[in-house]
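In the part that follows, the structures are each spelled out as structure tokens.
Below are two complexes that have chain A in common, paired first with chain B and then with chain C.
The block that comes next holds the complex of A and B.
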């Protein structure tokens, strides 16, 4: 028995070794290194980095500057992203689990945006917002097409959020469909027999039993919202002005465009802590409210 | 047993492959890693021509546009310094000076144009020649000569003429301006013309004026060429320009200009000619300075090079790389390459005729009225990017003129002044 256990142990180690090495080289070592660089002043090019202690963290936390602005933007974006992608995805998932002719085709249609790369989605929508809307305006004469969706700082926020939700809907729909199909039929039948109407069945039976799916989707959409980067880069590059800088884009700009690698590293570590706390809290809250059958 | 052996080998192979080493350095192998992929075909042709001159030298040419500085930094930090690499000229020369060779004593220093060479000097050292250019460049106001001729208008040389021209063009049903205000770099190209005029007006040089801004001493309100004329131009271009200014990027400008609806293109230069002609081969391209003041003599174009190719300081293939660039800058083929193959403004003294209108008119104007200094290269792109964002805020209406000026003064000192 113990020999077998040893062998299993050895196999486990052996087979996960490449993955462990990769993750270590690509994730953990750079993480530790950026921890070091966050304590230095370094432009990313010079051969020597100057150690300056906690100076960078002071700059990040004290100034009411770019980092705070980006943080506010990201939190707003994440809030709307989580809200809309979950509500709309759940609604569509309920529709798509109904039996109708084109259900499978429709599922595919909603999933397609998700398999396209974010950058391509960004460019497609950039084209729609600029050229497409101009054409629609000429055809319909409606004022809504004439608004500068990417050029107005207020509208740009909604444009970016909308494209983000549109792109990722398919993924959450699939998760919710899986959850809906796992809801036991007998419970649903029992509620019908007891005289519950459609809405009551949904809110009293289906929704509570979807708990695990909701937790997963909330968690995924939360982290994806907080990590938003490429869609903004492709759509607005953080503009107009600095109105759509997300924290990730801000870190990238600080480290690679402003040549402040040290300050960028400090920003990324501060953000890492914020994300860690935020996701843990949300995960705790939502999983504690799940119900077991 | 066999399966175990196979899986063991596979795991070992996967692990080892993670650490596979890159190719060894060789003194006859030049690794050239630069941006500007638009010249890839021309450079490949140049390298093929060089292969006949020096058959034992291999030049490995690699190019990328997307995110070049980040990729270069990754290479520098991993110790894989390309033998020839690129950056912007001027202020960024010092950023990469640690890695680059001073070319002052090379034969190419004889042929390089002084206006190009001045952008390759180190400001910290106050001299040196730390790079060469693929091309010289012309910056100015590109306009549609056809529209101006049709309306019987001269291209505006003063502020008042510009306003009058806009009214006339607008009345005739054309769009006076197309602006690429979605791009941050459009602003620096416009601004440098007004910066040159402001330096003139303040009785100083652009370099010194920029230093005053970096020290936080200069005030925009003291410089009427910027405070009034530059902001007036922006306002005018919003009044007479694109419907959605902050959504119009370079391709939007090209579409409006090449399509013949817009009379003047802001923030561009020699590089848009070929693409505009691709839209309409009959387009009559005109090129002029910006009407920066009331004095027509100050309406100058800007020439120079805004990018630099560095030769690595500590490389095995240094001699081979030097031979290559010297040949490029001094041989007959190399000097003719700029106009004949690449179709760019030559960065060397040469008599070759270009077939591009911007280049022809640019060099004629330069001879006639002189050219203004290339202001963009005195500051880093980190700053210019911020400048673009501040101007976008102004255009979006989130900041008024005085708030924008204050933000420009503050950020210029903070970003470029600190180190």
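The block that comes next holds the complex of A and C.
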């Protein structure tokens, strides 16, 4: 190798190796370790983990287990989270792209919860569901405020979902606004000239042309929904009972509270596979339905 | 009614409707600020009314109790270390991956960006063990360094996609002028990456500043190393029903983000959109 070639190779390694080394240490090694420990019984303290084969996976996937309960909750949560986030955000984005003086201020207002820590958001709403609603009930006399929003399993589900949507709606609104602004004006004008009314223009022209934005928002809301953790920890701690336990919370509890590191690792591997499959399927379906202009 | 008049009417109705929705939407945040200024008795009596007088004692109590200055400093240290490493190592890797296309750099690209598919919760259990072994757990600097590993995949991906738009002629003319590879990258190329660097900084500051789970695992054991959100979480948990102090701690935890957002709204929104579209 010539001296110049050698120097070039050296520089290439110098620029890329730090990144490779860091992702290897922080991500690949722990990932491989999770794979190994998922096949063992290990309490996190003992030096040696006992190899038990696929035993943990049998426990994890057994019906009626804690993990399957958490999985059902997470999938239901994610479904409603994706649905409401996208529908409401798209609706508000359409309103907010209209030209008026306060549009920028209002966009900012909807974005504020998104920049706040999700833990704090959970606490704010815990306060509202308890103190705030009690006061609203006294003021209005309406029964809705008296319902046990965090104490009844069914209502707690809606409460958690609502808070999740409230926190991140602003994010999807700005993504949809960016998408709407990219729809060419002349196409919209042409459809108006052809006699289409507002609704027809929206559903026949704007919505199909929003394809890439919809794919992005669906994908982001899906991954964020499946990751839900902080909000639930602050709002319900998984309760009442274990009705709002998400998969991530379940993994955390299994490992760090029950000290079943092996079982927790198996849960984390199953979680990884589910997230990977769901996101890839949704991405494929959504992007295959996009139309090009 | 004429068409034009009808349109103006519809527009004002829309504006009023939106205004009401926005007010209801932001009311919980307003409620938090309001209640942080009330004595305990007033919150219990009426959580929705305005405070009869601002109770600043809540603030002096909580600021001293949670050592706010120290926590704020911890957050700044962790976030700064995290961002500096992510920006530096990602832009460097992306530069070589784009400019020297060969079998090795294709492999590097695959290795560096694939971890975007691994959710953090999948590796958190064994990560703690791994970080204990190499002594990166339990310290602010260690936590900042850990963010490098988690932030690099996405940041490299964003830098790499942008690097294609930076003309190669610049590299060549710098080389002819006798500049070394390092000089070319740091003096010529890196300054041109400003817009993506802003995107990466916005996304990663929002993430690291507010992150909860990783600090919970790594730096929760000592008051010296706690982050703002972590301390607020513990404090609110201890305060249980002492909502006046809890609200104050929450306000103290989120206000820095809100101030930064109000000052830099344009850049933050643009950065978030660019990051989501490219990422």
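Please note the rule applied: the second predicted complex is superposed on the first by the 272 of 293 C-alpha atoms of A that agree within 3 Å, B and C clash if a C-alpha of one lies under 4 Å from a C-alpha of the other, contacts with A are read in each partner's own complex, and residues count from 1 in each chain.
The criterion applied here is as follows: a residue touches a chain if its C-beta (ideal position, glycine included) is under 8 Å from a C-beta of that chain, and two chains touch if they have at least 3 such contacts.
Keep in mind it's a predicted model, so treat the numbers as computed, not measured.
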_For A:289 in the superposed arrangement: first (chain B), second (chain C), both or neither?_
neither
Could you look at A:76 and tell me whether it touches chain B, chain C, both or neither (first, second, both, neither)? neither
Is A:204 contacted by the first partner chain B, the second partner chain C, both or neither? neither
*asked:* Looking at A:175, would you say it contacts chain B, chain C, both, or neither? Reply first, second, both or neither.
replied: second
- Based on the superposed arrangement, let me know which partner A:25 touches: chain B (first), chain C (second), both, or neither? both
Chosen between chain B and chain C, the partner touching more chain A residues is C
Once the shared chain is lined up, is A:46 touching chain B (first), chain C (second), both, or neither of them?
first
With both complexes superposed on chain A, which partner does A:12 reach: first (chain B), second (chain C), both or neither? second
- Task: Tell me which partner A:152 touches in the superposition: chain B (first), chain C (second), both or neither.
- Result: first
Item to complete: Considering only the touch criterion stated at the top, classify A:58 as touching first (chain B), second (chain C), both, or neither.
Response: neither
Footprint intersection on chain A (chain B / chain C) at 15, 18, 22, 25, 44, 256
Listed in rising order, chain A residues that touch chain B in their complex are 14-15, 17-18, 21-22, 25, 43-47, 129-130, 146, 148-153, 237-243, 253, 256-259
The residues of chain B that touch chain A in their complex are 7-8, 11, 14-15, 18, 67, 69-70, 73, 76-77, 95-96, 98-99, 182, 184, 243-248, 252, 380-382, 385, 389-390, 392-393, 395-396, 398-399, 415
Chain A contacts chain C in the complex at 8, 11-12, 15-16, 18-20, 22-31, 33-34, 37, 44, 92, 95-96, 98, 100, 102, 104, 106-113, 115-120, 123-125, 127-128, 131-132, 134-136, 139, 166, 171, 174-175, 178, 212, 216, 220, 223, 226-227, 229-230, 234, 247-248, 251-252, 255-256, 261, 264-265, 268-269, 271-272, 275-276
Chain C residues touching chain A in their complex are 11, 14-15, 18-19, 21-22, 25-26, 28-29, 31-32, 35, 43-44, 46-48, 85, 89-90, 92-93, 95-97, 100, 104-105, 108, 111-112, 115, 117-127, 129-130, 134, 146, 148-150, 152-153, 156, 181, 185, 206, 210, 212-213, 217, 229, 232-233, 236, 243, 246-247, 250, 253-254, 257-258, 260-262, 265, 268-269, 272-273, 276-277
